[in-house]
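Shared between the two complexes below is chain A, which has chain B as its partner in the first and chain C in the second.
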Partner chain A sequence: MTRTVPFRRRSLIRTAAGLAAAATLGAPAVLRAQTRTLRITTWGGKWGEMMKGQVLPAFEKEFKCTVQADQAFPFLPKLQASPKGDPIYDVLHTNSNEQWKAVDEGLVMAKITAREVPNIADIYPYAISDKIVGVSIFTSAIGLGFRTDKGLAKPTSWKALADSKLAGQRGGYIIPVNSLGQAHLMMLGKVYGKGLNDLDAAFKAMAELKPIKLVDFTGQMEKMLLAGEVSMGVIHDSGIYRYDGQNQPVDFAIPSEGVLALEQVLNVTPGSKVRDLAFAYIDYMLRPDVQKLLAEGVWYSPSNRKVKLDPKFDAKLFNTEAKVAQLIQPDWKWYNARKDDIDARVTRILRD
Partner chain B sequence: MRDLPRRPLRAAPDLRHHRKVIASRPTPVAWLIAPAALLFVLFFVLPFAVMATMSFFSHNPVSNPNAVLTFRHYQRFIDDSAGIFHEALLSTLRIGLITTAIALAIGYPLAHWMARMQSRLGHALLLMAVIAPMLTGIVVRTFAWMTLLQDKGVVNTLLISWGFTEKPLPLMYNEFGTVVALVHIYVPFMVLTLTGVIGRIDERLEQAARSLGASRARTFLEVTLPLSVPGILAGSLLVFALSISAYVTPSLMGGTSVLTLPMLIAQQVGTSFNPGFAGALGVILLTVSLAIVVAYNRILARLSGQGNLA
Partner chain C sequence: MSAARNRTPFDAGRAVYLAVNALLVAFLLAPIAVILVFALNPTPYISFPPVGVTWRWFDKFFSGADFMNALWLSLWIAACVLVLSILIGGASALALARGNLPGRAWLTAFFMSPLMLPAILTGLALFQSYLLAGLGRPVWGLIIGHTLVAVPYVIRTTLAVLHNFDRRIEEAAAVLGAGPIRVFFEVTLPLIRPGVFAGGVFAFIVSFDQFPVSLFLVQPNGETLPVVLFNYMKFDLDGAIAAASTVSILMALSVVLILEKLIGLKAYVKL
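For the complex of A and B:
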């Protein structure tokens, strides 16, 4: 008996050490298994700061999960490259045109309803219309931004951009890479031709806008307007209103022909392993308090009808039935089907 | 004596077997080369094979069950309905060739000076000067050029204030600005490649030519230059390959007036989500570039009389 005691003690110590080591090594895996991870895409800039600083931590706390947010654009090629059964993202946040491309390839769900996302019951119809794949959580309005210190009258029509006084002082987008540019091209078809799908009229009108300074994203257009490199340019209202109170000589105009909707669309990937969490995230983003926070932070028009904005935002954003009726939603499915030809033709026009 | 010849005969099969075993074992050199070979396979052969395969499919065959074999991406390039793809290819090659020629013109004298410099300190300082720009990222260097060459940049501001011009000169958002920035970025590659080759040329050959009455210019043209052809070839190929595949600099310095194949490829992947056509453009760029490289090799080999270079 006396000889067995040390042996038992030794084996006990060994066993305990082994268990401790296994627990130490295995603990993160166990924790990971307990804490679910939601992988999303989201924008950078002020939006990204608010998401990472306030919105996502609150979501993580409430739903006891971690959120991995990818801000490195472009998202769709990464999703295309990942297996459909184990996609790189659970929730894809893009503009509407990219969601249409994604659904064509079976990368996102074709339809999301109030059954999966209850707050859909409270959103404006445009945000879940047949022009949208997924759910639009916010929109901004594409119109004309202009300098107020150049003696220009506030534009009332899209035709104002073609004013000969603005030669070399007007701004647009590299159409193949920017959805505002693509939407503007369709608007030219409506203004100068038979409708948004009148490409011949649109191409002709685009040629008339030369010389025009082209950029590939809205942030550059904001900088050009602020620096006075362009006097008038195509831009969304958020890109101008966010400088409210900073004494900048820029303003936003809503042309009489209407403004184009630039929707911020969320959708769920069919292969997501945390689909319930993905729907919960979309529902969370549609909550009135979250909508108000982000709408007032970045000047986006909220999709939820129940959001009560502060007066200065209420006056400018599209947050009533009458106001959202002014939003024109392009048919991105139609556009995407012709994108290659449009890209080639418009590139030729703007290079000649 | 009768038994003696039998011994080697008996031993011979064993020896052959032994040699075979030795031959089948990788040599130390092979082991040393293995990481580089693996790297080449992993980061060139494999991605290129994937890209080339994708270029013959209508959609991504991994994720799309409806993907079919097709030649349509190549057909689209050949048809070029709007005339931008051929123009982009020509523009890419033109920028690559001009950048290479200027980098060679700037880099050769510098490399020659470095290679012949007696002072170790001078050589080290010059080497530092050549390498210094490489310590900064391409994006930063390109932005620095933008600061210098834009309409309200340093160069135009000075030219206007000194009265040389009334309006800003178009120094960027064109091929000129793109080439200037590319030359600055890639000259070090040319210099470093050439310095090694010129440094290995036996100076006594030049001295012999001079002692036989050849002028400095003739000595250079008939002795130094032909012997430095391998360096010219290597440096040119390096700079040409880097220039035609450059994306950041042409995008930032070229604005909308410069369209190169790498820009089109990025567009196809990033915004048109068409990896098949992007793959086809990549294959076309590589094929045309290889043809140019082979032609360049042959011309240089013929000019220098070094047939083995071709």
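For the complex of A and C:
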């Protein structure tokens, strides 16, 4: 006996509508499942504006992914607090000193090569030297910023900061929390002692710099220089060059002893679920066109040798073999191992 | 009778009292005045004395998508925290004051403990808990974090009202035939309302200005105003920070005035 299933138009419409609704609701989920998300850290300010406005949307379009860019500090403690097997970030962007801390705890990869990131083949050796964990995509040069309207000669040595005329008019950093301050301390060891690791000479020279105005962030140092609260201070070149053309009486000096490299380092977290995308992102950031865009936007020296900068930037940024030879890379592994003692000592010196 | 005779005699005590009050008011308002001066100063850095007057920093603040998104998110979160804190804090205070609970003192200390713990640790602990639970950093997680630190304010202000509460009024209502629910809504609630809502105002302000708890819990592209200002300050320390601070102060003041208009917080000053 054959049983006939009665055809009901209403039930058919209802079923079809249900299927359509399910398909409609389900579609974004399917799309989401196909669209991978890359979680990165990145700076704020002008850099952040360019990243969010131009660089990241272009990357998302090309690699058909979504980039979740965290601009809220502190990055390393957040990464430390997240499970290693499922880290909160896929790519960590910090300065070099924090990358060394991260690698010691197994939070980032020890080495990245041209096999994973092909554009590494075109970068200056300093950008993947043994002083770097990960890849330095840009660098700034830490030197001396000074006011041009205070009758000061352009400083030619780091010793110029110790000039007695600058008492109370020189600027530095709260060393425990600022990598420029830490780098400057090491430079004092080189200038007044046997080398970057000569801490006794560095502490003695630091004491001689008192009275000195100390700040937490480079942004504060920029504004103190602009406001004339300090006449000379330790700062990175981009913090001065960014006011180019704005008629501000400030300039940057490269001391004869050399400038310290303040590298912008990218690295991949070993637990990343989208490691290929993370490497693709680093490779993308090293592309000559992306490097040129950001270098000229924020006055950072590009790591890729093939970048052709406009004359204004070409004249000032560190983008030739001869220029990058002036960059001194501190040994952050060495420094981090002694950081607690250094912090205690330097705090005592600057407080007394 | 001469006019000199009618003149009130000089009261040295009152003069000192007024002078001390004037000093206190000046002490409290001076930072706000300085912020306003910075916000109106046209130089691209914060300096004193000002060299002119400009609206450019307010313009930068109001035209900045990051600032505006953060402002609305902060307001929205603070509004949610206000409601949740009133509900949780009000109910907890009632239970603590009326519940004859064993270990009441211990429970009160427990509910107050978020105020004793550094807020940054609360934020870090929640952040780790969310990640371990695989939840990521949801907005509701941020709201829970803010509520945790805001609830003690509502509990404290409500307990203060309940402490002076004459329970005979409730008993009279019950004797006249009102059931427990009616007594609560028509007698208890109206009487404790100033304390609950005053705590709610604190909760709103605590949430709106909350930085340490938010630091770890904010999502990428979903930062609250204090976090955005902190990050902005690291790169651009200009008058936009002062403009944002001025707007924040005015926002908090507006909320207090609106609540005062709606529910009459004047009663709270008697506490």
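Annotations for the structure displayed:
We take it that the second predicted complex is superposed on the first by the 324 of 352 C-alpha atoms of A that agree within 3 Å, B and C clash if a C-alpha of one lies under 4 Å from a C-alpha of the other, contacts with A are read in each partner's own complex, and residues count from 1 in each chain.
One rule holds for everything that comes next: contacts are C-beta pairs under 8 Å (C-beta built on N, C-alpha and C of every residue); 3 or more make two chains touch, one makes a residue touch a chain.
Note that the coordinates shown come from a computational prediction; the quantities given were computed from them, not determined experimentally.
By the touch criterion defined above, A:A315 lies against neither chain B nor chain C after alignment on the C-alpha atoms of chain A. By the touch criterion stated above, A:A153 is placed in contact with neither chain B nor chain C. In the superposition on chain A, contact of A:D340 is made with chain B only, not with chain C. When the two complexes are overlaid on their common chain A, residue A:P74 makes contact with chain B and with chain C alike.
Once the two complexes are laid over each other on the shared chain, residue contacts for A:R348 go to chain B alone; chain C is not touched.
Residues 73-74, 77, 83 of chain A lie in contact with chain B in one complex and with chain C in the other. Interface residues of chain B, counted against chain A in their complex, comprise 59-60, 62-64, 76, 81-85, 87, 255-257, 259, 267, 269-275, 277. Taken together, the chain A residues at the contact with chain B in this complex read 73-74, 76-77, 80, 83-84, 98, 101, 105-107, 174, 176-177, 214, 339-341, 343-345, 347-348, 350-351.
Across the complex, chain C is touched by residues 39, 43-48, 68-74, 77-78, 81-83, 86, 88, 217-220, 222-224, 226-227, 246 of chain A. Note for the complex: chain C touches chain A at residues 43-47, 124, 127-128, 131-132, 134, 215-216, 218, 220-221, 223, 227, 230-238.
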